[in-house]
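In structure tokens below, several structures.
Okay, so subunit A shows up in both of these, paired with subunit B first and subunit C after.
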Partner chain A sequence: MPIFKTPFNGYSVKFSPFYESRLAVGTAQNFGILGNGRLHVLDLSPTSPAITELIAFDTADGVYDVAWSESHDSVLVAAIADGSVKLYDTSLPPQSNPLRSLQEHAREVHGLDYNPTRRDSFLSASWDDSVKLWTLDRPTSIRTFREHAYCVYSVAWNPKHADVFASASGDCSVRIWDVREPGSTMIIPGHQHEILACDWNKYDDCLIATASVDKSIKVWDVRNYRVPVTVLNGHGYAVRKIKFSPHRRNLIVSCSYDMTVCLWDFMIEDALVGRYDHHTEFAVGVDMSVLVEGLMASTGWDEHVYVWQQGMDPRAA
Partner chain B sequence: MASNSQQAATGSPPKPWEQSGTSTGPTPFKPPSPGSTSDVVEASGTAKPGEIVSTNDMNTVVNRNSLGRPVPTRPWEQQNYGSTYGGYGSGLNYNSGFGSGMYGSSYGGGLYGNSMYRGGYGGLYGNSGLYGGGMYNGGGMYNGGFGGPMGGYGMGGTGPYGEQDPNNPFGAPSSPPGFWISLLRVMQGVVNFFGRISILIDQNTQALHMFMSALLQLFDRTGLLYGELARFVLRLLGIKTKPRKVNQMGPDGLPLPGPENRRGNQNYIEGPKAAPSGAAWDNVWGGENNSS
Partner chain C sequence: MSMTTKAAAPLGSTDGKPQTTPEPVQQVNEAQQDARPETVKQISPPSVFVNSEPIREEQVQNAVKFLSHPRVRDSPVIHRRSFLEKKGLTKEEIDEAFRRVPDPPPSLQPSSTNQDGQMKPTSNVQTQVPQPAAAAPGAVVSRVGTLSPSRFHWYHALLAVGLLAASGAGTAVLIKNAIVPRLKSWIRKVVLEEEDDLVKKTNSKPSLAEEAAAAAKAAAAAATDVAKASQEMLNSRNEERRHFEELMKLLDMQVREMKSMSNSVQKLEGHVNGTGRTNSVDQEDYRFSNSISKQSYVNGKVDVDTRSVRSSSPPISVEPPAPPHPKSYMEILAMVQRGEKPSNIREIDDRPPNPSQQPSNPRFAPIPKPWELSQAQNGSNQLLQSQGVREALDYKVQVNGLNYLEDESSVPWGQKKNVRITEIANENEVKTGTSGVRTSDLVQRVWVPPQPPPVAIPEAAEAIRRPKPSAKEAVKQEELGENQSVTESSGVTDELQRITKISESGGTVEINGGGVSSLNSSEIQEEQEHGHEGN
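Entry: the complex of A and B
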């Protein structure tokens, strides 16, 4: 399956919700510690196993996360390490990009999520311990959610409830928020170590999965969050990103600092149903296509982007 | 892909989970509100004042705090010109130096000048702000020696380079310096200069002296350390200087092995007594000793 080589270290990969063959990749120079970044928009060719670069945008700082707009097929949002959130339009030449640079976070922006149901707003999670809510029609953020005691690494909208989202933070807790409420509606002290990612189950709006530095993935039911529904062990190092399958209820994909991408079925006994060790460095970005069932993409610090069909070897050409 | 571009108006294609239409029963979430996100947030009243504003948030620094809402101005954020003017030589002046009232306090000389500690009128004039006392008399090294005479002269003017502080509320500006005053000022400059030179030389000499003595002391100690170390190493190797004398007292000039070695001094004292055991040692070494 196709492989794409990026000049910088990969940080995030996302499939377009409009085109089944398009994906965006955020990269950062020098492992994201210092240096420039680049946002790639890639196209899979339908016939040959190859990836072509549609367009690329250079940034002055590393790109830690990307999110496609759900309302415009060519717009995407990038989380930049200088604390800004930048909007890009792939239909415009690089000179007229970024469309907008939203500079409000005091530190690195580490996570983005575009509202999939209302499709007019997105969230940004930053190392300045806050989450901000933005809409495309306003030049400033609508709200700031400031309760976490440490960096917020990831945010995820609930797929059914347009006003509910979750945030995963380095203060070892996950908070559930409602944009209509002044404060968080739920606090899940999920792990003993930092929580790096969270995601909602797409078919059960009460299930949320968290990935932590303690190498484990936990699935929680928000109606009873005292104990996790299940704990998935198997990664050798911190789990960096986690994603529920858009097509199958029980399927989770995760990537970790142990350089593997893992597939889990959290309802069965042997939850680990697949392990891909194609990356030669930390695997930090993973996504599953909404439009094509079983199509997965991953990127990592080995400067490669892999796109493959579930069950196949990502390295097979 | 051109056919897909029409979807841009309405949004992305429906998600697979939306088509399935599964329901999982009661949820702890409030039902979704209709309308756009910004309308919903504004209708709920959770949008904070100052956050839905058209100006760039970067500029509204005042309201950016951990509370997320504007708070009353802190006492130290207020610039109270009245108190800094009136508070000459008082504690108030000093306190204002910590806050952002720097502007005000510099008028009274609280931040830069030494007038507060001098007290009195002459003090303020003699050390008007940064240029007067601050530069030459501020450092602890020179303060005692040279700052004093200057004050003693009671010059009504300002520091060596200083101008009269235009904002000084105390009295009218002093009259321009006369000939003697300027002569005294030149002399003071000369004295200051040579004073600083001499102190530099003195300090250098002292530093060199201390360095050399420290070096000598170090060598001295190193010798001691070396001796101690050598003794320790020798002891580790089982070589002893004093006990060896004891062993040499043993029979046949052989060192005494085993537990008796630990009682070195006793052996020394009882040295002569050890001699009878020589026969036993002959057995240890077998017939060799006998034959020899």
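Entry: the complex of A and C
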């Protein structure tokens, strides 16, 4: 299974929606406290070496998140700790990059999500309590969504409704928004502690999962949001990121500060269906490929990126 | 930046909403009554993502009590809202509570159209619509409000003086009537006693004995009293100790709360640049120090119960213990907090060399998502909502292309490209037909000579997407009451709105530039035909 060593601490990993052998990794020096950052674009290959770096972009500040464009196969977006959002194009020569540096957030940009249905816009979540909507062709944001009382850690578009998205914040709430509405349309006070990540179910557009510092993952139905559909316990520490599988309706993958990556089937009694403990530091980024069923990747503060097929051992040679 | 302020202040935003957007709200209600979240044919926004609960009066009243508290008045609006949200109130309930509280804070909502606010003096203060008429009564109300407390003060003072005078007079009378005669009688008694003493001295012995006995009894009583008193003292000490311990606990809690408050103050104060990510670090740091004090976790992993619990877990009332951070992390954190900069940081110029550089043309059509395919399969012939509508390049490669993709082996990209382009060209041909020809599309696939790949020229794409706005479009823009300047945002939001509406309405809206919507339906038909497994 491919393993890549990054010079800095890993923060985010995302598979390309165009090339099933390509993924992007965002890293930050000194655990993201203070230092430079680097955005890697990696390529998987059936021959050895199993994983190689196609190109890397250095940034002045840490890269907290990365997102691939859904409209342009070579364009990706990086969330930078200095509050900027930078666009890169791997088809252009390295000296022409970055394409853009969009500086509007007042604080670190912590989350990004590209619209998978309309494919022309993306959202950025920042520690300045706001979420901004952008398109590739505009130098300024289209809208700013400011309602959270604390840092917004994560933002996720609804896979079916192109105007709806959710944001997860340190004010312990998840807000559902519609870009056509002036304010949020729903507030889910989901946890008693900060909510670090949220993601929608790809096959049931009313289900949303939230991951919190309270070590649990809760799945909510927006039609009845007072009570969670289910609560997934099992992580030893805060859950940092979650993703619903693009291929299987009930599958969730999560990574946590307990250094493990866990797989859950939230519809069955014994929900924890897989556990990978390959990381030796906080597991901070995880993703499942949209193009290859079962292919997943994770990265963490141990400066490694693992790519493996579900069911296999990530550390296997 | 003007953008940020306009989208801010949720307080007033939903105030304006019921008045400015009556139609969508109505339609939302209708959709809810249908109890069918998946309305496709209606031109209504997805209703499931909006609160459909009615306003709970009890919650609103509790919120009003909370908001009326003087200490709460001093706190910023956003904290009050956050608190109420955590208590489970919906946005509507919170807004209603804010409306009811007598002296509401001003909102920054310029587009709010509370023109009937003159009926309710409270909401007058809320609207900052630049209408002097509305502003004047509002000012008067606030002035009256400030006057009344001072008047109250006068009355209060008058009452106090009156009471004092009355009590003074009363005590004077009492003294005169009760105490003076007592004094007199006491003097008389003393005089009489002196006289009696002379008489009493004659009855010496038996009275002495009696007196001694009485004294002994008194002494015994005194001793028992002392014993009782000492016991009580012991008891009270125990109680005091208990109280003291409780006090200590409370103090501990308060200290914790103060720590958290100081942390939050730090976060609020610090738009920290140089001192690094003290934010999330603080969160973990604080908990880390907390865990040290609790001594609940030592290094290394904790044995975790790997079985997940499906039912609800007991609420976590204690702060979750911090995960053990890597040692170098703590070192770096300490260094940064001291103000030192780690030595491995380089000066990097990551500015864009050419800020107007255009992205390179995409080489491939976007690939449909697995969940979109399976839904096209399972779903009806009706349109899926809001599939990305762009020009020809956007969308729906056919199954053949996908089969190639799933193959892990190295099929040269060139081959795949050709396949896709053929399919796209095919689609081009197909979609130029009328939508009525759908059934025939299902049956046959017309071979068309491959056309050159439709290169995405963004400007052309926008031109196609942006026909002259009809009156309908203009009305929609007003309805949605966006705060942004029409010139700046109308382009994109207009597109976004219109595109969604088009796809939701099943492509019935007329558009220049051809079958953008029929693109959807024809593609989906073809997918159904191929029956690709996406699940």
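Going forward, the second predicted complex is superposed on the first by the 314 of 317 C-alpha atoms of A that agree within 3 Å, B and C clash if a C-alpha of one lies under 4 Å from a C-alpha of the other, contacts with A are read in each partner's own complex, and residues count from 1 in each chain.
Criterion: a residue touches a chain if its C-beta (ideal position, glycine included) is under 8 Å from a C-beta of that chain, and two chains touch if they have at least 3 such contacts.
Here the structure is a predicted model, which means the values were calculated and not measured.
Student: Please tell me, clash or fit, for subunit B and subunit C sharing subunit A in the overlay.
Tutor: clash
Student: Look at A:Val213 in the shared chain and tell me whether it touches subunit B only, subunit C only, both, or neither; answer first, second, both or neither.
Tutor: second
Student: Does subunit B (first) or subunit C (second) touch A:Ser48, or do both, or does neither?
Tutor: Once the two structures are laid over each other on A, A:Ser48 reaches no partner at all.
Student: Please determine whether it is subunit B or subunit C that touches the greater number of subunit A residues.
Tutor: Greater contact footprint in residues on subunit A: C.
Student: Between subunit B (first) and subunit C (second), which, if any, makes contact with A:Arg180: first, second, both or neither?
Tutor: Both partners, subunit B and subunit C.
Student: A:Thr140 in the overlay: touching subunit B, subunit C, both, or neither? Say first, second, both or neither.
Tutor: A:Thr140 sits against subunit B and subunit C alike.
Student: In the overlay, answer first, second, both or neither for which of subunit B and subunit C A:His193 touches.
Tutor: second
Student: Given 369-377, 423-431 or 513-521, which part of subunit C has C-alpha atoms clashing with subunit B after the fit on chain A?
Tutor: So the stretch of subunit C that bumps into subunit B is 369-377.
Student: By the touch definition above, which subunit A residues appear in both interfaces, subunit B in one complex and subunit C in the other?
Tutor: Comparing the two interfaces on subunit A, one with subunit B and one with subunit C, the shared residues are 17-18, 70-74, 104, 115-121, 135, 137-144, 146, 158-164, 178-182, 185-186, 202-203, 205-206, 222-223, 246-247, 290-291, 293.
Student: What residues of subunit C sit close enough to touch subunit A in their complex?
Tutor: 1, 3-4, 7-8, 10, 13-14, 16-17, 37, 45-46, 48-51, 78-79, 81-82, 85-88, 90-91, 267, 271, 275-277, 279-281, 283, 301-302, 304-313, 315-317, 320, 322-323, 326, 328-329, 332-333, 336, 341-342, 344-355, 357, 359-364, 366-367, 369-372, 374-375, 384-390, 394, 405-406, 408-410, 456, 458, 480-484, 489, 492-493, 496-497, 499-500, 534-535
Student: Considering the complex alone, what residue numbers of subunit B touch subunit A?
Tutor: 1, 4-5, 7-8, 11-13, 15-17, 20, 22, 24, 26-33, 36-38, 40-44, 46-48, 51-58, 66, 68
Student: Give every residue of subunit A touching subunit B within the complex, in rising order.
Tutor: 17-19, 68, 70-74, 103-104, 115-121, 133, 135, 137-144, 146, 158-164, 178-182, 185-186, 202-206, 222-223, 246-247, 290-291, 293
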